[in-house]
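Look for subunit A in each of the two complexes below; its partner is subunit B in the first and subunit C in the second.
Moving on, here comes the complex of A and B:
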């Protein structure tokens, strides 16, 4: 893998902004996309990527973010449907190899796995953690 | 006194200033930043910069206004415009006011590095100045290939000064002016080339097509003479 990656993060909420801050500090090129510019206030002062206000389900917005150059796209908004749509566009239409969508509803996760998309479910991760924690006694 | 390349970055977005500064600091340049137009002008009055990265959307004085002020100066930095996502319309306007290049958001450190290196190379090239017609026309061709039309025009003019009887220089100047959208002077340059040598094909063809309504064509440059 390349040392410095071009990463697009859709959704600048708590998770998106934390990833953006972390990856920017590591020296990667980051483009954050969010519907509202207010969301970018969560990025810290050391953040040296780009902030784009726009709807990432629109092709033109992804094109303006230069998606064709992206090594990774992470769709981390709080809306499962948007995440899955953006991830599908990135993977199927723009051919981005490494794409991940955040899925809050675990029931939907198997469907998306069938579509060949990588997903991450905070609900399942928390559930796993709690189950392990209970059995620890 | 330090002879490091002096670069000024003007942008109201802190993250862009940080990205550019971080990238250029690593390359060992003397980098200053300004987050609005007034601070930029203060910097520009105090120091002679080699390169200026300029955002056009500033909160106080617009980048375009700064460009206009700089265009009146004899000695000015090479200006690179920072353009908004998916928008190069303003950049084209800015190039007409003397900006030499533009970078479109979002850009990567690699893009910044190669832009700066290209400008420094061209500056060094200009230091070894041309002393005859062939060198000047060669320089004009190289600069044209790099898309640096304003500078290419200066060298085409220099070539003409060395050899006013050669139609090729006027044809080049015409082509550069045409690309830059200065059709009136482009026609004049082509006409002069044709006047010097009515049999000089490239200029005749250029003149013919520039005066037609549909100018969908390649500009004749007589590239066979390229070294």
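Moving on, here comes the complex of A and C:
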């Protein structure tokens, strides 16, 4: 893997901003995209990437973010369907190899994982953790 | 046939009425509880209140047995997910998506879904009406691959008095009908075009502007 990666993060909520702060500090080039510019307040002062206000389901917004150069795209908004759409556009239209969609609904997560999309479900991760935690006694 | 409609309030009502009139069985999913009770009172259909992109709600609406699904919410991401769940998970044979942002049409087509984009259609019509006064009606059909245009021939129009065979029309265009006074004529090569004729032209969209130029009086 390259030392310095070009990473697009869609959704600057609690998860997105935390990932943005972390990866920027690691020296990667980050572009954060969110519908509302207010959301970027969650990024700390050391964040050195770009902030783009816009709807990532629009082609022109992704093109402005220079998606064709991206090594990674993570779609982490709180809307499953936006994440699914953005991740698939990145994968199928721009050929981005490493793409992930955050999907809260576990059933939808399973369906899209079967369709060949990398997904992360906060619900399933929490469930796994709790199940392990309970058996720890 | 069994049809599921997921859509915004007015659209699902009018679409629903049309499908019911044709004798289809109908299930409607709508997010708005108030509108659901209105639909339930006014349509002989099963109404489900909820998020139509939720697989559980789709199942409740009979997605596992439906023949056709129409995804017509105001959000393209929801319509895309509805179509994908319908095809891959519920295996509904036919799905139609309303695409709000015309730029997204290519996305839906890439995933193999039929689309209709009201924004695109209305935009095209307004654009054409604004630029050519003599054009009174425009209709894109076949997923926008063909346009039907009605053009009124006004004075100054360069092809008045000419026979059809002498008009240099591009290959991808056809004058299919002439409305003259109260009559409709199916034209042949020897038919002559007259003032105030309204002609119905079928064209491919890419040459439409060339065709319009032939008939416009400028």
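Here, the second predicted complex is superposed on the first by the 137 of 137 C-alpha atoms of A that agree within 3 Å, B and C clash if a C-alpha of one lies under 4 Å from a C-alpha of the other, contacts with A are read in each partner's own complex, and residues count from 1 in each chain.
One rule holds in what follows: a residue touches a chain if its C-beta (ideal position, glycine included) is under 8 Å from a C-beta of that chain, and two chains touch if they have at least 3 such contacts.
None of these values were measured; they are calculated from a predicted model.
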Combined model on subunit A where subunit B meets subunit C, clash or fit: fit
Partner chain(s) touched by A:48 [first = subunit B, second = subunit C, both, neither]: first
Which of subunit B and subunit C A:38 touches, first, second, both or neither: neither
First, second, both or neither for A:92, with subunit B first and subunit C second: second
Contacts of A:63 with subunit B and subunit C, given as first, second, both or neither: first
Partner chain in contact with A:128 - subunit B first, subunit C second, else both or neither: neither
Touched partner set for A:29, first subunit B, second subunit C, both or neither: first
Angle at subunit A between subunit B and subunit C, C-alpha centres, nearest 10 degrees: 90
Shortest CA-CA distance in Å separating subunit B from subunit C in the superposed model: 17
Doubly contacted subunit A residues - partners subunit C and subunit B: 60
Of subunit C, residues touching subunit A in the complex: 53-56, 75-78, 80-81, 84-85, 88-89, 101, 103-104, 106-107, 110-111
Subunit A residues within the subunit C interface of the complex: 57-60, 79-82, 84-85, 88-89, 92-93, 105, 107-108, 111, 114-115
Complex contact set, residues of subunit B against subunit A: 13-16, 18-19, 22, 85-86, 105-106, 108-109
Sites on subunit A touched by subunit B in the complex: 4, 6, 29, 31, 43, 45-52, 60, 63-66, 69
